[in-house]
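Below you'll find a set of structures to go through.
Each of the next two complexes has chain A plus one more chain, namely chain B in the first and chain C in the second.
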Partner chain A sequence: MVCAMRPTHTGKAGDAMMLRVENLSVSFRTDEGMITPVEGVQFGLDAGRTLGIVGESGSGKSVSTKALMRLLPNSARLSANTRMTFVDKRGETIEIEKLRPGSRALRRLRGGEIGMIFQEPMASFSPVYTIGNQIMETIRLHRGLKGAKARELAVETLSKVGISNPSARIDQYPHELSGGMRQRCMIALALSAEPRLLIADEPTTALDVTIQAQVLDLMHDLQRELGMAMIFITHDLGVIAQIAQDVAVMYLGTIVEQGPVRDVLQTPAHPYTRDLIAAIPRLDRLEHRLHTVPGEIPSPSARPTGCSFRTRCSDAIDGLCATKTPPVTDLGGGRMVRCHRHYPERTAT
Partner chain B sequence: MLRFLTERAIGMAVTLFLVSIMVFVIMELPPGDYADRYAFRKYSGTGLTITEADVAAIRAELGLDKAAILRYFDWIGGIILRGDFGQAYAFETSVNSIIGEKAWLTLGLLLVTLIITYVVSIPIGIFAAVRRGSAVDYGLTVFSYLGLALPNFLLALVLLYFANSWFGAAVGGLFSAEYADAPWSLAKFWDLVKHMWLPAFVLAWSAMAYQIQTVRATMSDEIGKLSVTAARARGVPEGRLLLKYPARLAINPIASTIGFDVNRIFSELPIVAAVLGLTELGDLLLKSFLDLDMNVAGAILLLLTVVIVVMNFLSDLLLAWLDPRIRLGG
Partner chain C sequence: MTDTLIEVQNLEVTFEIGRRGLFSGAAKKLRAVDDVSFDIKHGETVGLVGESGSGKTTVGRAILRALEPSGGRVLYHGETGDLDLAHARKDEIAKVRGKLQMVFREGGLDLATLGGAALRAFRPRMSLVFQDPYSSLNPRMTVRDIIAEPLVAAGLMTDRKQIDARVREIAARCKLNLEHLRRFPHAFSGGQRQRICIARALVARPDFVVCDESVSALDVSIQAEIINLLKDLQEEMGVSFLFIAHDLSVVAQISHRVAVMYVGKFVEYAPTEALFFNPRHPYTHALLTAVPQADPDIEFRPERLEGEIPNPAAAPPGCRFHTRCRFARPKCSAEEPQWRQVAPEHYVACHFVDEMDFSRTIA
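And then the complex of A and B:
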């Protein structure tokens, strides 16, 4: 199943990708036995680029990125052949899956090298400490600044994310701010450590539509300005088009299609990607109910045999899709797909 | 914050007022009044016949002939203005001199009991939650169910037995014989400390068992919160993270139930006191009710309820101090 996942675009010479994830499989011990909600995920990311990960709720996006930060609970197991390598600010390669829990290297990676923001800005902050307290904690840990210096930097970062009157806001508690402002503060918190990579797990999903667009613009601008790489998770392919250069489409724990955003959106190769594109809300059909992919995503404990998408696929091939797992096909131009429809013609030699 | 404070302070004042009326009504319940009993005691055995007029004179002298509402204000006014709880019938002395020291001892016992309760239950509850599902957690759960199921007086008897056979010395009471009537000194205080830990531990027992479960439940809840994951994701070291985030929130429910614990401790006080031979308030309350010594009983009831109401108020303040969402109205 291992495929040649080379850079999906013309990268730097030397081919030292900042982040490379190979064979990422995550299993959980549950009361109903082992489940494997993430299986064989691989992708790479160069410094300064944005990868969008898209897929319905439950497809394993959060679990995959939590694995990158080693944030999974004790009930989670990575497969033995999982490899996650990251080239840090100092140019050293970190083998994330080998980091010891509680080690300095892991604590430096968390926040200092890879920042993370989450879907619920309210729940991301502890309610009993001020915004400033939690931002300055990050600054103390990763920038080595204390007291007035740390505060100064926190205020500066808050103003960078568009918080007005930051020197007063810094002493407020999360519940005193609006949802959009809280998410801006969370972004400021992550950025204050100057990470090389920012993982944003559905950062706008919980916000009002108008605020969503503002926060999205902000992240887009900041990412350019700081030259930071980003993994942007969403269930909305429309958002991906605005913010990412590369996209990985996830379904039931595996990446089913991957490539440069423009190409994937223009000529989707996987039936699931096509369905997702059809579900993007558009002005001309806003009056109808929101389009979604027909059918429901199965639970990871009841993964269909063969192609995991076959229960909802309108293109399934009788006798093949139900029995054989589709292999990864390299479509060229940094694109790959995992579907029998593309397998025969591409690999016929 | 100011609004919160005034609201709570007014609430406390109203509660205290209602409580004082209730206590006064209870004091009025037994048939006959102090004048009857006073006259009876004064003249019994002297061969003199007491007339209604004699009793009425005594009644007037003591101000007992006034309307109940006036007597209520005399009573509560004396307490508030002069700290005077009136006359004790059975003991031929003032209520203050009977209760005085015992009230302070009881308050001391209560505080020591509360401290033991929280010093034990908070760390254990946190530890059990961090080690959820481990043998230690399981053991602690069994222990705290045992704590809830085992009656205090039984525990008191068992501990009394062991304390006697291990330490030899009598552990009953709050003082050794040589210090009981001695003036206060460092040695007497130390004697008190040596005697107090056992009743305090017994009294703390069920509150402890209960609060271990509360802290464990809240802590388990808090550990799973996104804010904890977010703190971990910014590289906060695990130990500091557990204390600063989930543990800090796990003590909130404790702060809000201090009044509840005080209540629980007080209601267990009489029986534990009886078993351990403590001649402190709980014991006195029973005795004064049996003797129909209503001024003493009323004073004790009032003091106990005031302590509970004030503790409730303090617990509100503590919670507001701990939780900015309450403090700043969120």
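And then the complex of A and C:
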């Protein structure tokens, strides 16, 4: 794999890519009119790779990934030119945006092809069934195994995620387990369907650092073993640095910068990425004052004209950033940035 | 007057657990905080870290007597003289209310269990800064009334104009827009709500504020602002903070000294730099290695802590950390380690502290 995120303007070049998202825009009708929490999001992902998505609350990171699973509420509208293609286990290309709600193909996609785990494990589990019941149901639905065979596989999956004494734990209810244990069971539930892609939405945010380290370790090992691709959503750049190969930074519904993790974290190109990295309290340097991003994130219903970050940007260009939306600039090496400062033709405009 | 504000001596908090029903015998005792001693100076921030279930929140609440300690003393060296908060009568406490404030995390705290009278007696001198600022502000009160509440409840101020002036002063210091004071809390973002909580905590000019997971739920950029704000207010007002958090990097940036707790006991207490760059307890070191750094070139090698934190109701004998410690020897499960000083202001509870060296280089 040469590069996970190819430039978006190369068109057909990403044929082998497992997941490709183009022009993803999501709008909601609200009392205050239409809001567009996600606009023009593009990214791609190869099998076996991990893409990290970082951003603060309201940046649209969860909405984008829910759109991938078609999990958005009925009030949500995808733009007409949204394209989400996914190559499934059988090598067939699925056009996710065209799947009909409630269709067989969509049910197979959810869980079977794309699994999802959340910050709160109880969002995945029903409190009234045992862990085993729920894992076995998934196995029956997506792998076609029943009875003793399904149970055997469920026990195996639980032991894979590091649950001690899995044959006894399988008959426990979610509330009988500790937080870290539940998190592992949720991962086991998602993995039992053997998805090609796992979307993890802040899966370690609520955990203690020691347990977080165990879970990250586990996900890393499982990925290597199963060759599964991952999209890891978090606001913790430390977690991204350790688990992902590529990262996309989102601000107010658009990806402002993306590229290989090392490059983006060490030499950020977008002013927002720079601010974000500088604001993180570090363990290896004690500072008197932390860097802050001036101002607050505007509401999605009052998105600034031009570049959406210009109201907080220390590097904005007068008369340009407020009027023109910055185009995506390819910096080479798989890096992309949406900023007038990097757009070579800006002097001409 | 010494420069020490709060002196905690052998603090102990026990909870009765298990059913006290018809057929069960005596209730079991759970020692949530066991023999904890430390002090906090005027104008100082002491950080308190540990995994969930280690007892950090209980320490904060017991100091302010939001719950009853079962043993030990909490000496408060206030302007009006010394007072042992752990044994003080209600009327004595009423006199210092307003000087001690608390900023809580919402989650596990059940305000109802605090008991009406005990809570009311304390509220003005304690400030609560919650982890989740969305659910901790009364949606039916204006921001002005929320901030003024500690003043009014303690009867510290009765004149409306005086109260208004004080509220406006503290709101401005917390960088709240004055026209926001007439609004209701639902209209505010997480960062602004946290500012409202902080303004309320500081309105009665407290000496001491407990901040329990106060910035944990905020985005990094807002978190950085709130940390800077707390530092500024401390410089201006000379208030002391006990800053409870599970995020070690946040604690490192805000604290002068840091204590590490494990299953109800302090394992290490030291000046921030010593604790983070020259930790002496194996548990402190394990915690530090578990924090992923935002730089792919810093190798992430978390030290494996087997299993999970033990249940305090069944705390291991001897050193409580011995079940997960990679240096554990027979002595560790047999004998409880002494709390001893290893360097100026640096305290550790480990039998083999002299053999431990985890020092790291400073970037």
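The working rule: the second predicted complex is superposed on the first by the 318 of 349 C-alpha atoms of A that agree within 3 Å, B and C clash if a C-alpha of one lies under 4 Å from a C-alpha of the other, contacts with A are read in each partner's own complex, and residues count from 1 in each chain.
What we mean here is this: a residue touches a chain if its C-beta (ideal position, glycine included) is under 8 Å from a C-beta of that chain, and two chains touch if they have at least 3 such contacts.
Keep in mind that what you see is a predicted model, and the values were worked out from it rather than measured.
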Examine A:Met116 and indicate which partner it touches, taking first as chain B and second as chain C; both and neither are also allowed. first
A:Leu265 in the overlay: touching chain B, chain C, both, or neither? Say first, second, both or neither. second
Touching A:Asp275 in the superposition: chain B (first), chain C (second), both, neither? second
On the A-aligned overlay, A:Met34 touches which partner chain: chain B = first, chain C = second, or both, or neither? neither
For the three-chain arrangement built by superposition, which of chain B and chain C touches the greater number of chain A residues? C
Applying the touch criterion given at the start, work out whether A:Tyr173 contacts chain B, chain C, both or neither, answering first, second, both or neither. first
In the superposed arrangement, does A:Arg107 touch chain B (first), chain C (second), both or neither? first
So the chain A residues that chain B and chain C both touch are none
Could you list, by residue number, the parts of chain B that touch chain A in their complex? 225-238, 244-245, 248-249, 322-325, 328, 330
Parts of chain C lying in touch with chain A, wherever the complex brings them together: 51-52, 189-192, 219-225, 227-228, 231, 246-250, 252-253, 272-273, 276, 286-298, 300, 302, 304-305, 308-309, 360, 362-363
Which residues of chain A touch chain B once you look at their complex with the stated criterion? 69, 71, 102, 107-112, 115-116, 118, 120, 123-129, 134, 137-138, 141-142, 173, 175-176, 186, 189-190, 193
Chain C-touching residues of chain A, taken from the complex the two chains share: 56-57, 178-181, 208-214, 216-217, 235-242, 261-262, 265-266, 275-277, 279-293, 296-297
